[in-house]
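Below are two complexes that have chain A in common, paired first with chain B and then with chain C.
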Partner chain A sequence: MTGSTKRPVLELVNARISYFTRAGEINVVPDISFTLHEGEALGLVGESGCGKSTVAFAVMNYLGGSGRLTGGRILFEGRDMQKMSAAELRAVRGNKMSMVYQDPMSSLNPVMTVGRQLMEVPIIHEGASEAAARERAIAILKEVNLPDPESVFERYPHQLSGGQQQRVVIAMALMSEPSLLVMDEPTTGLDVTVEAAVLDLVVRLRETRNSAIVFISHNLGTVVRICDRIGVMYAGELVEEGPIGKVFRDPRHPYTRGLLDCIPVLGSDKRSAPLVPIPGQVPPAMARPRGCVFAPRCPHVVPERCSVGDIPTSPAGGDAEHLVQCVREPELPDYRRPQASGPIEAAIEASEPMLSIVHLDKVYRQAGGLFDSAGGYDVRALSDVNLEAQRGTTLAIVGESGCGKSTLAKVLTGLEKATAGKVSLGGVEIGDTAVENRSRAVKRQLQMVFQNPDSTLNPSHSIGYAIARTLQRLKRLAGGLANREARGLMETVKLPADFVARKPRQLSGGQKQRVAIARALAGGPELMVADEPVSALDVSVQAAIINLLIEIQRQRGATLVFISHDLSVVRYLADRVAVMYLGKIVEAGTVEQVFAPPYHPYTEALLSAVPIPDPDVKQKRIILEGNIPSVTNVPPGCPFATRCPRKVGPICDTTPPPELRTPGGHRIVCHIPLEELTVVDPVVKRAS
Partner chain B sequence: MTTDVRNFGATRPRDGKLARLLRRIALLRESPVGMIGAGLVLFWILVAILAPLISPYDPNANDFEIARDWYPSARHWLGTDNQSRDLLSRIIWGSRTVLIVAPTAVGCAYVIGCLMGLLAGYYRGWVDLVVMRISDIILSFPVIILYMIIIANFGPSAFNIILAVTFIAAPQITRIVRGLTLELRERDYVAAAKMRGESAWYIMLVEILPNARGPLIVDACLRMGYTTIAIGVLGFLGLGLPPPDPDWGGMVKDSYALMSTYPLMSIIPCMAISSLVVGFNLLADGIREIGLRD
Partner chain C sequence: MIGFFAKRLAYLVFTMLVVSFIIYTISEFTPGDVARKILGPFATKNQVELLTEEMGLNRPVFIRYFEWVGQTLSGDLGYSTRYKTEVNNIIWGRLYNTMILASIAFAIIVPASILFGIVAGMAEASKLDRTISVASIVTTSVPEFASGVFLSWIFVIWLGILPGTSTLDTGAGWSIASQLVLPVAVMVLYDLGYVIRMVRASMVEVMMRPYIRTAVLKGLRFREVILKHAVRNAMIAPFTVILLQINYLVTGVVVVEAVFAYPGFGRMMLEGALSQDIAIIEAGALFAVLIAVVTQIVGDFGYMLLNPRIRFS
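Right, the complex of A and B next:
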């Protein structure tokens, strides 16, 4: 790398960023320095609350009323941003630097057409004519791979899907050919296949435009795809920075290692490579420890050296490109991913099915309008779902948003009733009984862990009340006994027992999710349905919750139905997997079967889209065109036919595909013969 | 079985809840606007409570000795009305009417509005349809005409004013509560409550209603202000408390004919009404402000 010969676009020199509140100055970023040259992409990663977004806003010199650069300098193309006038800043911001935020809907004006908003950029910044602006807007829409740019041009933001909106935002950011592009979690809200397409777009644009990119993400996998350098932030400090390959192959800072130990890498599972969460939490900016900020959570800490004075940033092993802020860096052992210590236990092969779902349909009847003679239409959310989960095992259900996986969870838990088909729990039919009509025994047997930690607990009730009330209702325990047992459950989920007096807002996201698990455990359930229980959490918390679920399952022998869009987590946690698309199961089998050929073409595409945080992994690239069709308009043949890259012919559009079965019980629903599906290469391969 | 699990933190002293409530109220200190509002409202509450102690005269006694000299003097600080009754005493005693009738009316309206709104929002379907159409019918009448019909039919009395205010405000509250319920019923903790077999009433009153309290407290404060105005208007129209008991609106009405010659007699009760209404509105603003910060 000869970055030094290139022109630097962005330089942060000992930048110090603070917010000013009624409580006084809060120093969020004490001292950060890095340089970004043209054509370079730097990924900033770290847990939430580490100051990533603050740095992004500071780079744009857009910290709002309460934030300020209180020390050091931020140079853009050699000019000090602090010394620019408002007019100069405006000219630079729209013209030479652009920003893409996480939520595209909040970046787009809902009452203006997409085209108008795009045209504004050249009209305002360059004084271009209407016609010229229009031409350029359509050209840029074409460039970001939007199908039929002329029609997108005329549409309003709400008429586009999330992925299309984000492409429009990127198009807008690129409109003025910026030399610096700041992207703050640009793909976080998107489905994996859409995310993959957007990431590919960013990579391609970077190559053609030579823009420098600051790419902020909590997902190490996306950073590997986009960036050539990575900066790991912890509590406002850049603790490690260097080329992607070097940092991932030989992480030198204990925090970087901790992050890597937290994330399941596609291909590892709970039996071979356990996840190791980082203990503790990111310290708040007001209570930053003396010396190394990571010391309180660090496994390698030596207090008399780590917590005394400022920790210098030094080149790792004398490599000037790879900087680390750790005094013990030279003595740390070589990094190795954690391996299972004990003997690897075999997958549980119990035969008794705890849950069996046969020909399950769920149809929502959409009422027609008053003057609608057709009288409404049907939305088929689940169609002919057949599944089984053995006692004590984990069944994972994966798929993108709108595939019906949450509807399935609702039918299992009785929050919705099945339209047709059978759901039996340990031999008892529950599919047609709403939760109000289920017996207490069934309610005890089947409990649920929800996705959103902020909505899972009632903010008006204390933690203890939430758990004790559940114990009272499900086990008919008296108040005093319920309180005592609630404290016991808190211990099971590894929370201090005196948390029972707290309100949910005094807890972090991971702690709330633990309480939710404790509540679900209150009745002593045999089946737990977990709907995306970790997708809203930081990676280190995610690892801890996953480990907790595994441990509880081992102790209690409970069956787990785990719903997720994250294939790495599913690969790690599940015993059996079902892949859903538009309300249908397209592939099902053991986790080893589903993650290896033969694949359903959709599974293959999903696997190729998963961002993998390992630069040594080779992944096949399958980009899916188009969007998931609406559930109101499911294709009559194969549901995946409209986007399938391996479509056989018209038969896919007209005839529902047959279910192919291997002798091992692996099911694939596809028109392509099994032999042909078997001969493909695995999607994910490690480079040797 | 009936042990109260709600006081879970048994290790804490019993006054923990009260202390926490006081601490929340103390948050209002951070909003100057809210402090002014709270000050005005508190002032009138104190005046109403202490009326027998601080009022210099019987509010209905005519001071025949001052003849037709109604203007403020050492004897009558704010002057008297045209029947030589002490204005200060009438304002002080009049505050009792407003501060008893308005909270009671708003409270009754809230009980009915919350129940209807919870039912409509929680059950949706035909319950929602029936409740909301009835509300719409009530809301479609001009408020003043509705007041006049009710009071004229049942006669002017404190009870009938409360009845009328409840009847008119309840549908508005129903709408607010219904909207909040529609949103809150989709929360995961409601699903969790269903999954442990809670009754619909428990879910509505214990799981949903407490979380709607933020906007409702602000609305209740504003509504107290509106109700104060409504009571004044009714008094002005002669539909307030029957004479001779003092009521601010009625005092304005009595002075109506003398407005050009002796304006003081109408200005003083008007100022009383305004200060209380402004107090409630500022208090609502302050609560909203600290609520947003939380």
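Right, the complex of A and C next:
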């Protein structure tokens, strides 16, 4: 297939995978074929429920009690995995083929030291002695860049950070020099700088070892960093497969194009390049449409050709390396990223401030215990935060986990009270008032959208009730009136009116988030606080929700505080951005200011870590070493000093840095002079 | 580690003080005054007043409580009106008898429940799991007095190979060992099923954890996956439950002791309570609480040793 003379490591030949439940057979993957050669890395991408992980576990021949390969073959180094005996399978697993899992914390045994878990690999597969296994374990820990491998060896998994845990899992997978490495979402759930470091490690290990890799991810950007080839999966089918460059520059399948159109690429914003969500949803495995599975959502569909008979996989434009499963492929127009159709809107000019935060502090008191009243200590979650959001604009707050973003949201919404400082909403002081003591007017003005719509909607209330109830509480509307207005709100968030009677479990994730937004809109808020509202959603749903937020903001002139760790989304959606680190704002300004030099060194590192789904983008690589210090132990000087790649000297550790201000209002808190920060190159550059 | 232990010991002392005060006040303030309970219904009012005066029962309860605490700490547990002797002369022997019963039962329950629980939980919904689960529900749901009568009927009346009472008196020709069989069997039957179910539930949960998948995909044998990776994790949750069985086995076996006329702690408490023997009730309750608190501490400590997430946090 690739024309390479290298030995094939993994071949899937018309593999058909099903799960067997009480309801009968559910065919998750109808027919998938691909070949992976020595040292090659293939990325499998697609939205959740597309069968990526099923393929990964089928490759490991580990589908659990209910899953089975019901057709075709999976060959590993030429041998049929289905025909292997239990002993042969054991000899292959963990030795010739190994796996890296999505959630490293739960993939490591919590009651065994890291070293013990590593030592098992050479002991079972090579009959190594304890001493030899120990030596090997420490050597591999060193190879995956873990600081102080001897001490990591002795530790238990919970004593390591998420990034370190994933390095341990990778070390465990690489110990026996496998010829195939299956990585199932290995960086999902890790912070962006940690993700970048782990991806970097994988890239480096690829250079020194010859393992073939199947890399599964929902994030196209990570695949670009690791892989040579990419396979796009949709509803259990491989709809397009080919070399990274070709697939990204000239995507031939409408689904691939749809995926690319609905992810913001770092550098695009809402004024220049709209996000185009894919309409509809992935069909469930039981209700797969006839013919092309993507046809019901495809903008190029011609029913009489697309929805009859099986769709063959054929080379795109005669290129044997680039395979596409689409009958209309030769007729499709060339791919262009979506561009704004009308005139580009100007950024909203500064109007009056809706939200203003001045010298805000939040300190939690950690108590010492019943007999230890003096043993407590303070946790400084927010420290001297100063921010402003103009009416009708979006203020984004970014930072890695533990930086205080969510604490800020809690103070704004009154779930926590500020320890010191002022928070005023349209001139009314709210920082010192818990939500139960806030007046109804304030509650109506300020509403929140949470990250996980599953846990914020009461499963026993219907959608209509959930929204109407909020209307009754906030607007004092009578039942009938509330119900009518609830329907209006559902229309605003583009939910069908007949959803009123549905329960949350009958809705998809994106629909649930729409309900959560409708509920937040019930009081007619002036300010909406959205805490990671799209990070639990698939990219096409994410695009739709982002568009919805933009539209609502435009119609209602509401102010949005958007809390996120995803810089591409922030770049796309926000007007102003504040970067937080350890409870402090280290940089703030308009999006254009923050995403271009001068950068705070932390912002620069964050930007360099964002995985960008475009092989033509040149991105500076700044790998941050170490972990975010604990909030209980904030450095006395600059909070970022312990990890800063541009540290000037001891002054960073001892003295809090000054706030530098450009004439344009761009603020950076750093010891490095502004001129020096200004002369760096932009982190992201487009090659063309 | 030492800090943890010291803290736990402090909690123990604190708990004992609170509980002992509650026990003391409750038993002192039950209907009828103490002197009347001691002297019985036929004593004259004058006699009762004299005794009240003599025992100092008309003084404030706090003073009497601290006196009682002082006496108890110095080893004087008071005088039993039921057995007409010092409580010290009766309670230790009874505790010893119950301890024999309890330790045999415990020595059977622990290994058996772990074995059956793990075997059932490692292959959820298998035939073996179903069999063990059903059997444990059945044995646990039969009350002790029913299984006691049932077993007696088989082994005593029908087969005639075991004694019907276990008075620990070898005069009737039954050895001590043979007298212990039935009470132990009843206790084990009743308690084993419950503990098996706890272990099984924990094992089932552990088997679904991703680290078990990691162990399998590492190439380990199933036996090694179970023994090296699953069992220790599966023991963390039921550990405390297992230790709590000591409470039941030592202080909760009133029914079993009554059914088999076994001269143990439970029956002593029952007799003491029926005859309003305050000294016996107070001393017995104190021991029961002490056992409960001590097992709790041992449980916490063992839990910490089993679970590194607690040990190194």
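In this text, the second predicted complex is superposed on the first by the 679 of 688 C-alpha atoms of A that agree within 3 Å, B and C clash if a C-alpha of one lies under 4 Å from a C-alpha of the other, contacts with A are read in each partner's own complex, and residues count from 1 in each chain.
Throughout what follows, contacts are C-beta pairs under 8 Å (C-beta built on N, C-alpha and C of every residue); 3 or more make two chains touch, one makes a residue touch a chain.
Being a predicted model, the structure only gives us computed values, none of them experimental.
Enquirer: So if we stack both complexes on chain A, do chain B and chain C clash, or do they fit?
Expert: fit
Enquirer: Going by the contact rule set out at the top, does A:470 touch chain B (first), chain C (second), both, or neither?
Expert: A:470: touches chain B, not chain C.
Enquirer: Could you tell me if A:124 is touching chain B, chain C, both of them or neither one (first, second, both, neither)?
Expert: The answer is second: A:124 touches chain C but not chain B.
Enquirer: Touch test for A:478: chain B only (first), chain C only (second), both, or neither?
Expert: first
Enquirer: What angle, rounded to a multiple of 10°, is defined by the Cα centres of chain B, chain A and chain C, with the middle one as vertex?
Expert: An angle of 30 degrees, rounded.
Enquirer: May I ask you to decide whether A:304 touches chain B, chain C, both, or neither, giving the answer as first, second, both or neither?
Expert: After superposition on chain A, A:304 lies in contact with neither partner.
Enquirer: A:456 contacts which: chain B (first), chain C (second), both, neither?
Expert: Touch status of A:456: first partner only.
Enquirer: Please work out whether A:435 is in contact with chain B alone, chain C alone, both, or neither, and reply first, second, both or neither.
Expert: In the superposition, A:435 touches chain B alone.
Enquirer: Quick one: classify A:107 as touching chain B (first), chain C (second), both or neither.
Expert: second
Enquirer: In the superposed model, how near does chain B get to chain C, counting Cα atoms only, in Å?
Expert: Superposition on chain A places chain B and chain C at a least C-alpha distance of 5 Å.
Enquirer: Give every residue of chain A touching chain C within the complex, in rising order.
Expert: 60, 62, 90-95, 98-99, 101, 103, 106-112, 120-121, 124-125, 156, 158-159, 169, 172, 369, 371
Enquirer: Please output the residues of chain A touching chain B within their complex, sorted ascending.
Expert: Where chain A meets chain B, its residues are 22, 413-415, 435-436, 438, 440, 443, 447-448, 450-452, 455-460, 462, 464-466, 468-470, 472-474, 478-480, 482-483, 486, 498, 500-501, 516, 519, 522-523.
Enquirer: Help me check something: in the complex, which residues belonging to chain C touch chain A?
Expert: 7, 10, 209-211, 213-221, 224, 228-229, 232-233, 236, 306-309, 312-313
Enquirer: Residues of chain B touching chain A in their complex?
Expert: 1-6, 8-12, 30, 187-189, 191-198, 207, 210-211, 213
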